[in-house]
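Before I ask anything, let me first share the structure, which is written out below as structure tokens.
Order of writing sets the chain letters: A, B, C, D and E. Residues in each chain are counted from 1.
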Amino acid sequence: MSLLEVQNLVVEFPGRRGTVRALDHISFDIAPGEILGVVGESGAGKSLTGAAIIGLLEPPGRIAGGQILLEGQRIDTLGEEAMRHIRGRRIGAIFQDPLTSLNPLYSVGRQLIETIQAHLPVGQAEARQRAVQLLKDTGIPAAEQRLDHYPHQFSGGMRQRVVIALALAAEPKLIVADEPTTALDVSIQAQIIMLLKNICRDRGAAVMLITHDMGVIAETCDRVAVMYAGRIAEIGPVHEVINHPAHPYTAGLMAAIPDIAQDRDILYQIDGAMPRPGAIPAGCAFHPRCPRAFDRCKAERPELLRAGATRAACWLHAGVVA
Amino acid sequence: MLVFILRRLIQAVVVMTAVAFIAFLLFQYVGDPVVFLLGQDATPAQTADLRAALGLDKPFFVQFWHFLLNAAQGEFGLSLRQGAKVSRLIGERLPATVELAFVAAVLALVIGVPMGVYSALRRGTFLSQAFMMVSLLGVSLPTFLIGILLILVFSVGLGWFPSFGRGETVQVGWWSSGLLKADGWHHIVLPAVTLAVFQLTLIMRLVRAEMLEVLRTDYIKFARARGLSNRVIHFGHALKNTLVPVMTITGLQLGGLIAFAIITETVFQWPGMGLLFIQAVTFADIPVMAAYLCLIALIFVVINLVVDLLYFAVDPRLRVGQGGH
Amino acid sequence: QTIRVANQGDALSMDPHSLSESLQFSLTGNVYEPLVGRNKDLSLAPALATSWKQTSPTVWRFELRKGVQFHDGTPFTADDVLFSFARAAGEGSDMKSYVNDFKEVRKINDFTVEIETLQPFPILPDVISLVYMMSKKWCEANQAVRPVDRRKGIENAASFRANGTGPFRLRERQPNVRTSFTRNGSYWGKIESNASDIIFTPIANDATRVAALLSGEIDVMEPVPVQDIARVNAGANTRVATGPELRTIFLGMDQKRDELLYSSVKGKNPFKDKRVRQAFYQAIDIEGIKTTVMRGASSPTALMVGPGINGFLPEQNKRLPYDVDAAKKLMADAGYGAGFEVAMNCPNDRYVNDARICQAVAANLAKINVKINLQAETKGTYFPKVLRRDTSFYLLGWTPSTYDAHNALNALMACVDDKGAGQFNLGAYCNPKVDELTKKIQSETDKTKRNAMIKEAFDIHTADIGHLPLHQQALAWGISKKVSLVQLADNFMPFKWMSIK
Amino acid sequence: MKQLLFRWFDSDVGYSFRHSPVAIGSAFVAFVCVFCAAFAGWVSPHNPFDLGSLELSDARLPPSWSAGGTFKYLLGTDDQGRDILSAVIYGARISIVVGAASVVLSALVGVALGLLAGFKGGWVDSFLMRLCDVMLSFPPILVALLMAGVGRALFPNADTTVAFGVLILSISLTKWVDYARTVRGSTLVERNKEYVQAARVTGVSPLRIMRRHVLPNVTGPVMVLATIQVATAIITEATLSFLGVGVPPTSPSLGTLIRVGNDYLFSGEYWITVFPGLMLVLIVLSVNLLGDWLRDVLNPRLQ
Amino acid sequence: MAACGGGCVNHTPLVQANDLAKTFDVSPPWLNRVLERKPRQLLRAVDGVSFQIEKGKTLALVGESGCGKSTVARLLVGLYEPTRGNLVFDGQDAHAVFKTAGGNALRKRIQMIFQDPYASLNPRWTVEAIVGEPLTEHGLIVEATALKQRVGELLESVGLRAQDMAKYPHQFSGGQRQRISIARALATEPEFLVCDEPTSALDVSVQAQVLNIMKELQRKRGLTYLFISHNLAVVRHVSDQVGVMYLGRLVELADKHTLFAAPRHPYTRMLLDAIPKMHDTGRARTPVQGEVPNPLDPPAGCAFHPRCPHANDRCRAERPALLDVVGVKIACHAVEEGRLR
């Protein structure tokens, strides 16, 4: 059974010009221990998906359809209090900027201990013990002393390690990591990704890794979902998606990335820009930019269709199924 | 830390000299004390005599220099009008004002902060809207009108509270306290409420605005994501962070309370420094006015210093010298 | 029995010689006493002197009361009298003008003193009724030989403590907060009061003071704002005692400058024209001001002094009629049919409803096309300005401190010189006849002759329309119905005539 | 113009305005107040500043609906026979003018100095900020009180206009500090934004950068501050006139009217103070609410 | 400069930085220094950087955050005055010229493109005003219709439409904004463009659009670029030469092909190694340890030695100079000594 199952998730923002649909019928699942990458352009809805899963959509955003199942239990309809026990305990979260994710006025230890005690029935001393262990596990030297330091006394990479420790404090089975390395230096990014990957593997936690960086996905994930304009364009095993993209958008994206290993005079470019939510064209959202669009794309919205080892929301693959 | 305090002290001296200078400059224009000292039957010769005797005929800078010299020793001379040492007059009046401001500040904080927190947490509910409206009403009415209305209702109408004065006081050293007797508390209610209304409004709105900002920060979002309870998030994480910026403004407001006390003290015949000052203004009692303004400046400086030190206590980021990047 | 008394202001000091101001006299007058005091009708009464007579035109002899003790127990003798007059005449005293004309104060024996003056001084007993007697011994022991000397920055015990012979002792003094008195058990006379303690509190704000009376926190207060008289009278436990006050409120005009300051008229001074002054006079609806602004608590007057002042004659007190048409005509005759514009100076916290009187006057004058630029301001800035004579048209009030018309003539109506004559004659009205009469009145000892001269001087001034007298404001004391007291026209409040049920 | 209006209507601010009953209500009230005040001559039944028209015999009449009231004076008259309704309308005009003028003045000074401090930095900045500290140690009421005294001494026989000038100046004298600090803060932020650097790379002169680039981008907070300060300025003016240094009594502002009316609270002539008080509350409240709303709308973090 | 007719290859560099350095004084206030006996604190943001760029070529600077890349850029466009060293542009000492009346003429020839497409355009101006500003500022075009015409051309040259000039920046996407920035930079027809991370705030698809335009413009107009980035893949795509910076100094300066084919400096190797490889998935890398040291208190000797696997005592004590090693400039003792190849 999958650990997390998202079915036809719809997220809407009621706004001044009517309701905007920011996520439009998203479905995917994550198996226990699996790392699912989520990529896409800015504004594609990656963070929203994560926020919807941990139940932290910012008002006025709301889940307007579909369901989210965690270990078979439906969690999108839970009340605030019930959801609180899931957050942290069963789903951990990591955000982009480690500096702003930590309360500057409290020591790292206090934040760790309060998280542990919020979920686990342990005393002060044991909680502290666990906190030290967590810091050690995330590779922070001299964990014992560092526990009483304040966030500003840590460097960027160290802070993100602390954030990871906090997310793992109550041993959740799923981690939603929203661009955990974007704010970090290139050299440190690699360290953090490695850490995340290893520590989750050791603890058997599944990860939903949201990122911009195809390279990171390629290195870390088992499967990847490519998002476009609030929809999933393609989802499948990582090397399949990267090496044999089924959706023209994925293909374009891959071709647009300059390669460290080879020279190209001109990069492939997808003209135009991703539509904003609220101005998404009928049919396939990508069709105005798609070099291979045909009539059906303009009229009908494609579902995720099987295309080889992956599934893609593209009418090009309609025949395969039919 | 020590250096920091020293810096502030030096700044304080500069600020206070500037205050004294401006104050002194202004006093040249607010009236002529000699007219009051001499009564209606004095001859011009007497007037000139007294003027010379008081040093009022000297050039401005000479007068200012003398003033500074004396002020540096904490001596502001005799009140022109009352013939008493200014330091003593102020010493007598200081406790009344400080107690009034203190009670008003506590009132404003104790009511204002929870109201602000509530209206930030429950944005849009009826009660929080009502708080906002009521608070606005508080700033829409001039203080003196509020004072008179309170007297009209609670002293004359209902007879619950006295309308003037401090009531019984107890002498503790040189400090005369009204807060050690029930009668003193009885007397302080109306003036303190009057004085608190305006500050309460400000504090409430400030807390609300800051709290709303803090609630939007990443670390609050992350705290939610860690599954902490709302109570811990709101009152542990958010409130503490809210109070950091609120502290500065509140500190300034406290200084403002003492200044605003002028009106309240006038209305309630509260025997504090504000009343002393207003009386001094009407009679152009320059030494009293100058001393009062310098004292106010000093209070502001001290409050600012205390606020800054509080920052050190509250905000670990300011405690320097501990590793970091 | 405690009586709680409130006043708009406070005495600045407890030193009876430090300031010549009526509230200070009134308050210290409960502790200290003069040689010659006053009865309930302000007529002279024996106090520390039992009798006095003029032994020659320039000499007055006083017999002192025997067996009188100061509050500290020292007996009162002629030495104290000599000391007190010397103190009043000395450095730092504000009482100099009262004893200016003294040549010498002589001790005849322990209980007789003589005062010799430079010129004949008919009203000497009146004049010294405010010079209070202090104890020589006590003053010397307490470094209070001189009234407070601000020059040296030295405080003075007499400012905060008091040792007099009066019916009440000063118990506690907190300037501007509270001053309390207790009954003097060993007073030489009878005290017509049942009060054992008096607590005096200044309450500056009118509304607060009224509220305190209404809510029973105080028993006696002064003044009641005129608009609240009805309310206080309607109170279950309170009433207002009203009566005429000695102070006369009047308007003055600049009659000296050739070009009026702050006016639309250029090159001349309309106030030099009597027709203009009279037009102003007749345009003022003094009865209207009495009923609306003063709520009846004033008596319109045609004279510069009021009843209770020596020299006041009721038959002289006839105002020109209020007549706008006549006033318009006078203006037209004077060549100002179209009116003019002039600034008017007015205090707003000195006399009863002062700024409102000015407003009403301005409104009245608007009817004869005179546009008034009213500058109402606090006394702190008002007085320095008008005393510089930096004014064209102003409102002022005057109480002769000697209870004698000469004081008013000399201060308000005499031509301005540099010896103090006409010092408050801010518009510099000057009629040599009046000047001459004033000088004569000063030293005339024959009472009838003297009064005739006063009458003549007033007649001339009235005919000249030298000033525009408005009214005597009324006293209005708010009193708890439990309290009985005597209201004096000079607005003094002797506690010895005050009782409480 | 029409286009501008339309663009405003279509903008976020316009949208939020249309959907906020509070904003609409308070804008309406504020507009009515300002309108009445601006056209006081036509709106009000009498001219309370024309002393010649005052009848002492009509003094202290109650409002028309009370016994003894007449329809000639809808809201009654004061002790001078002044029609309260007209006095309130004219008084509102004076209060609004004083409030608005002092805000404009302090905003001009404050914005200019704030820009200078933020842009120049260095000792200019330090000096100006220390100056602000000094100003802050003077409570506004005190400064205004002293300034008003000074003004009177310097222009002893000033006519009404100069008196107003002094009043406005004394109120502005403390308020500019708020603008200076706000603008300095925003300027420091804006100055380091890349569009300013782009202009500098192009060689645009600092003065021009300040005026054309930085200034328009710091107007948001200034606007918010200004709306709220109009209200406080009106209250300050009222308080000053309570302390006896306000506008001349012959042309009373709302504050003066309230202060004068204060004296009649015990004698039952409530209308002399209540109606000006209501008007004051109405103006201050509506302006404050507008300011609040504006702050919420312009604050991107609260969107 | 020697006159050179069309067709001849000009080997004199257009831009020549000689020992450029910029030091910021970040000392605590005077009183603190006196009382706490702390010395003046100087932050050497750029510490002796020299390079040359030939006309029509692109030099890329890479390095971690805080290593001084932006400071170099600002030095080049005259936003900062160098503390030491100078910049020779087309034979003139640029910073000397900036101060004279002729400064504007030089500014015209050097323009800059910024990182943040949101902050680099004044939100209250129309695109027309933004792009037109350099033109009016330099007095190139004063007449309104001509200005419109020219702005339209500029917009079209970066792939936007002329009609777009009436819009405001917020009506454009990030990529489009960056194109507006480019149009503005091109308005004065500069020869040298300093691009400070022009694509790091952009999505890959948009990045491709911007990079393509930049390359195309370079080809068409013979522009010279200084291109700053921390993305080595992008650098490889756009540059001719690459300089690697670490803590304010150049540690390796080489031809692009040489550098990517055979990185010499351990830091360069580390950077290259840190990049996730897309097409051989699953390969575990050993990421380099440690983080950039505090620039206020840089390590003695070679600033990289705390993180360097090849560091020895000499590295800890002696700072290596940037030396020519077979056509590559390298500042590393290990390479110099031949310990590393």
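Please note the rule applied: contacts are C-beta pairs under 8 Å (C-beta built on N, C-alpha and C of every residue); 3 or more make two chains touch, one makes a residue touch a chain.
It should be emphasised that the depicted structure is a prediction, and the values quoted were computed from it without experimental measurement.
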{"item": "Result of counting contacting C-beta pairs for B-D and D-E, higher pair", "value": "B-D"}
{"item": "Far-end chain from subunit E, centres as C-alpha averages", "value": "C"}
{"item": "Separation of subunit A from subunit C, taking each centre as the mean of its C-alpha atoms, in whole Å", "value": "90"}
{"item": "Centroid spacing, where centroids are CA-atom means, of subunit B and subunit D in whole angstrom", "value": "24"}
{"item": "Interchain centroid distance [CA atoms averaged], subunit A/subunit B, Å", "value": "53"}
{"item": "Intercentroid distance (Cα basis), subunit D paired with subunit C, Å", "value": "44"}
{"item": "For subunit D, residues that touch 2 or more chains besides their own", "value": "149, 152-153, 262, 265-266"}
{"item": "Multi-chain contact sites of subunit C, meaning residues that touch two or more partners", "value": "207, 211, 214, 349, 378, 381"}
{"item": "Interface hub residues of subunit E, defined as touching at least two other chains", "value": "none"}
{"item": "Residues on subunit D engaged by subunit E in the complex (per definition of touch)", "value": "193-195, 197-204, 213, 216-217"}
{"item": "In the complex with subunit B, residue positions of subunit A that touch it", "value": "54, 56, 80, 84-89, 92-93, 95, 97, 100-107, 114-115, 118-119, 149-150, 152-156, 163, 166-167, 169-170"}
{"item": "In the complex with subunit D, residue positions of subunit B that touch it", "value": "11, 14-16, 18-19, 22-23, 26-31, 132, 136-137, 139-145, 148, 152, 156, 212-213, 216, 252, 255-256, 258-260, 262-263, 266, 277-278, 281, 293, 296-297, 300-301"}
{"item": "Interface residues, subunit A side, partner subunit E - complex", "value": "41-42, 155-158, 185-191, 193-194, 212-216, 218-220, 238-239, 242-243, 252-253, 256-261, 263-271, 273-274"}
{"item": "Subunit A-facing residues of subunit E, complex", "value": "64-65, 173-176, 203-209, 211-212, 215, 230-234, 236-237, 260, 270-279, 281-285, 287-289, 291-292"}
